[in-house]
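Following this message is one structure expressed as structure tokens.
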Amino acid sequence: MSNQELEELRSKLDEINLKLLELLNERAEIAQLIGHLKTKQGMVKFDPVREREMLNELVKHNRGPFDDNTVRHLFKQIFKASLELQEENKNKQLLVSRKRHPEDTIVMVGDTPVGKEPIMIAGPCSVESEEQVNTVAKVLVDQGVKLIRGGAFKPRTSPYDFQGLGIEGLKILRRVADRYGLKVVSEIVNPADIEMATEYVDVIQIGARNMQNFELLKAAGQVKTPVLLKRGLAATIEELLFAAEYIVSRGNSQVILVERGIRTYEKWTRNTLDILAVPILKQESHLPVLVDISHSAGRKDIAIPIAKAALAAGADGIMVEVHPDPSVALSDANQQLNLEEFTNLMSALQLPVTSSTVK
Amino acid sequence: MSNQELEELRSKLDEINLKLLELLNERAEIAQLIGHLKTKQGMVKFDPVREREMLNELVKHNRGPFDDNTVRHLFKQIFKASLELQEENKNKQLLVSRKRHPEDTIVMVGDTPVGKEPIMIAGPCSVESEEQVNTVAKVLVDQGVKLIRGGAFKPRTSPYDFQGLGIEGLKILRRVADRYGLKVVSEIVNPADIEMATEYVDVIQIGARNMQNFELLKAAGQVKTPVLLKRGLAATIEELLFAAEYIVSRGNSQVILVERGIRTYEKWTRNTLDILAVPILKQESHLPVLVDISHSAGRKDIAIPIAKAALAAGADGIMVEVHPDPSVALSDANQQLNLEEFTNLMSALQLPVTSSTVK
Amino acid sequence: MSNQELEELRSKLDEINLKLLELLNERAEIAQLIGHLKTKQGMVKFDPVREREMLNELVKHNRGPFDDNTVRHLFKQIFKASLELQEENKNKQLLVSRKRHPEDTIVMVGDTPVGKEPIMIAGPCSVESEEQVNTVAKVLVDQGVKLIRGGAFKPRTSPYDFQGLGIEGLKILRRVADRYGLKVVSEIVNPADIEMATEYVDVIQIGARNMQNFELLKAAGQVKTPVLLKRGLAATIEELLFAAEYIVSRGNSQVILVERGIRTYEKWTRNTLDILAVPILKQESHLPVLVDISHSAGRKDIAIPIAKAALAAGADGIMVEVHPDPSVALSDANQQLNLEEFTNLMSALQLPVTSSTVK
Amino acid sequence: MSNQELEELRSKLDEINLKLLELLNERAEIAQLIGHLKTKQGMVKFDPVREREMLNELVKHNRGPFDDNTVRHLFKQIFKASLELQEENKNKQLLVSRKRHPEDTIVMVGDTPVGKEPIMIAGPCSVESEEQVNTVAKVLVDQGVKLIRGGAFKPRTSPYDFQGLGIEGLKILRRVADRYGLKVVSEIVNPADIEMATEYVDVIQIGARNMQNFELLKAAGQVKTPVLLKRGLAATIEELLFAAEYIVSRGNSQVILVERGIRTYEKWTRNTLDILAVPILKQESHLPVLVDISHSAGRKDIAIPIAKAALAAGADGIMVEVHPDPSVALSDANQQLNLEEFTNLMSALQLPVTSSTVK
């Protein structure tokens, strides 16, 4: 008997569900009309005062059994859904989102496509001398690597640490790269330097400490040079995507994302490589995703398994620091590979020869 | 003209809002009836299969503009609110919650009320000898402290570190405490030892590493001895409350919560004291809240300002490690106060003399 | 001229270096002799009082230019090195360390070797019914999987969540496993249950929340059944190794380590999978290392790339939650694969057929 | 007998200790001479190649019982101590360090001393209109507050969020502040704007996201306007001090440090206020230290206990967000106090009336 009772109550619920659905969609339509009106009049769509008034009105009429907080909660969800409808979904709308742009973005650096076959970006942490860069460049060419990285402007924790050679470093990189047919990736740290940098570098790197330096992001969005954007050291995946959106929304769609480890309590590694971020970024965004294996681990003894894991997770390439003699490097001595270790890494990975290589 | 249009649309919205409210509350009533029926029949209230069927049905009838995911989301919120109504709100229902029990719980340890005026719990990290405990106890009595702490069962990261004197340690604590009219706080780590421990200790401590050792919590819930429960080293505030609920729901309502720092990336302190947890715990729960200043900071040079901050934030007392000669301690040498430092701390805090003291 | 001066000073330094080296080794020899004497007499080797006396004596004689703190620091390093020599190096000495035991440990579970070719452990989060386990088991057998997992004792944050079927759950697992020739992996949470559990399970799982439940570790060390030990949710890699040492040092060398993600600020995943831990654990220890892809990500949409990354990083296998109908599961509904998703994962991974399978 | 043997060995150790001490100090003197020589010749003091050669030489001559790694470790410690002596201790040398400058720095903002008696800085998260700022300013004046804060340049996670009124916002702040005799604190985000900002603001705020925007720090170091520097959201205490050093080393010694919470896994607060950082910063540095109670907690219900805790921990003041109607604020609606809540906070804190107020 009580089962019958249960069934009756359930079919009443089902009826109400459908009525609710109808009303919700009716409400959504009106909200859309309001949104269109507001767009015409240049008004912002989110109106918290009006929302509060509606909530007050609802609470005033609430006779239960839902308590006022539950009513407020449910209607806030409804308001939010309606607003998202007006805005055609904030996430859907992000230019960096795969919902907006389902195909992979391929960033061309010279004739090397980033976002297609896995690539390698390698070079010294800091540019120290032309000889040093030259030595590394030769090995890169031998290994079929097309992109050289090197720091000329170094963001350093202490003002007394080596701050890089500055523009002189960029010039060294350019000369060596041209000599060997390589492309240059180098970090820029001042919005005022972005314009200048485009003369010397093929890819502007924005480092982890500057991931939310929005002025720098905006400046990078106003040039046409590809941008390699590293995840901040305690940035969420979502914040990385928003940072990329700053660049893309200013007009520069050539952005490469880099997972480089996040700060955690673990002490045996410099950072914790967030490998889960790789497939999530690939799924949420159409931009290429690289993994920096030097800054994440901060130790080179596990370079090979980590690089393999990154590629297996779907990364579009690897960044690694290589130095002719890491023990005398002016920065990051412990994490840079020497030339032999780099050659071993390349053998272990067996990256595909890119189409541009076979030309 | 368009303002008029806007106003019209808005009053339509308002109407729909009220209709929605009515339907939602009607739905909630039916859900309550179903809940009562289920209770009678001993059925679980949450029925995911039925939920899925309802969602499928709704999506089948959805004609937009809300997309199917939004419909699913909104109805899940509605289902959840209805379920919570059936369960009379999970959080409200927690026995440790202030919503359930608005008055402060005062845990009586002997004649010392914990949860009223700020108290001090002090003593060595590990019980090493009767002489050691005796030396500390004398100073505690001089300072008006009523509760002595000391570790007999020590959970240590390495199996080769000093593991404590075990039951012999408890006996030493008991003898010394009885000699000086003190009450004993000591950690128990095995559910099988809880019963035995009640013979020797006045407060059973459950340490950070065991905060989610649910068997230990259940065992502690089955005795009448007060329990001092430390927050796990990466536990959320909510998880601490749920851990306390394990104890209280088994019948032991005498629980004292302890914030003792959480694990973060910061290297200059052993842990990061989550001072925000203190007022939040006091607000969410009726249980007393202490702050362990030794394990949080892991350094004693800032003991005084931290203890002051904890009390200012609303803590019901302080826990601190005191050792006659910290540099030779068998554990935690760096963070234990010596007797003079402890005396200085007591002078700095000027804790009120509890009513029991003046008897 | 000053270059010559520099050279002279440098050769003086070189001389002193060699004298220091000689003295340090002479000191080390004497320290070793003292260590032998102490061993004979059953004395503990570390004597903090003596150390303090030596430091006081040194500081008394210090005439600079090193300040007293530097002298203390340098001699503490020397004392520590001497002590480690006496103890033959704490790390070298860990039974779980590869320095102590260079060959891989292969844990035999029935005739399945864990630590050789990559394996798969799969099954429902919670055992809910014999029918449920049976359905999963059939698919496992089809896919060549040898080990079934399922929770009978569930450590749950809230005391009001489903706590598992307990011993009844173990019996279901055993019956189904025997029917299909599978081996059972299941979590035990109470030291008092370990003995009983060996009747039903082939591998005792110790969960993340219990990684530092040292009483449970000790109990697991006293049986012969293999133990699968998960990393705690904020445990360091070193702490995981020490936890394993608790088990191995009690006599049970059959331990399998599991990386299952650590707690960080990132919100788009349940935990952050610490992929770097995999090659580090393989390097530091001889024990097999698995990756739990369900608890780390907490979302199943990235199961395939994550499993691939884990194997590429050197993991000896994967653990994954599989449920015939995840949406109605009594726990962890969002992260369990359904049967089809699991079949797809197996196809994507193409695990080698183990020797035992071809028999 | 063996005790006698032990005593003999120990006195041999004591002799060697003293010889080692003598040699170490002799070595330190020579290292100092080398340092002086290098200073004269403008050479960098740290010479990793020379260090490696010395280590190689030592290992070549090592005959044990210390193994080569231990020898390397011990001598690296010795080299490091010698180098620190040459550099007169890196930390001692930091301009922001209390070792270098033992007296408290008092930053004068108008006639309000920051770093003496506790002060309050309050105002809206974003400047929205002159009316809004005016309303807040009136309440500040009533409450004896001297410094108003307000965001004109807002660093926002999404490019589509309200980015602030820019220079127009600064002008509003200036006009209102002048009207009420207040001083203005406002965030600047672009190095190119620092110069301009000094016309409108009395204190340049550098926000958490820009704590390691070294170009911005350098620019702020080149003006005379006081700088309020917030700790980065995952910055260590040490990194905050180094960031301050960037400013001070460029010539601007008027820096105020702000603890504003760090990013952790805890979900019930926006950030975790690192209260331990307050006494540590006060101890390590001579700069004033404030606590931002709005951004740390991200919830205003615990504003009073948190502000009290901050002052008890030794903070030189509090920063808080106040808005005439937080629910309609364009940013951070949940964490801003309304005017009544702010008045209650001021009553609860009973800040001392600063000397400047009584004039």
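Chains here go by letter, A, B, C and D, matching the order in which they are written, and residues are numbered from 1 within each.
Simple rule for what comes next: a residue touches a chain if its C-beta (ideal position, glycine included) is under 8 Å from a C-beta of that chain, and two chains touch if they have at least 3 such contacts.
Worth saying up front: this structure is predicted, and the values here are computed from it rather than measured.
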| item | value |
| --- | --- |
| Which of A-C and A-B has more C-beta contact pairs | A-B |
| Greatest separation from chain B - chain, by CA centre | A |
| Rounded Å distance between chain A and chain D, as computed from the means of their C-alpha atoms | 28 |
| Length of the line joining the C-alpha centres of chain A and chain B, rounded to whole Å | 38 |
| Intercentroid distance (Cα basis), chain C paired with chain A, Å | 32 |
| Junction residues of chain B, two or more chains touched | 234, 238, 263-265 |
| Contact graph of the chains (line, ring, star, complete, other) | complete |
| Footprint of chain B on chain D - complex, ascending | 234, 236-238, 262, 264-269, 272-280, 282-283, 296-297, 301-302, 305-306, 308-314 |
| Contact footprint of chain D on chain C as seen in their complex | 2, 5-6, 9-10, 12-14, 16-21, 23-34, 37-38, 40-41, 50, 54, 57-58, 61-66, 70-71, 73-75, 77-78, 81, 84-85, 263-265 |
| Complex contact set, residues of chain B against chain C | 48-49, 52, 90, 155-160, 189-192, 209-210, 212-216, 233-234, 238-239, 242, 245-246, 249, 263, 327-329, 333 |
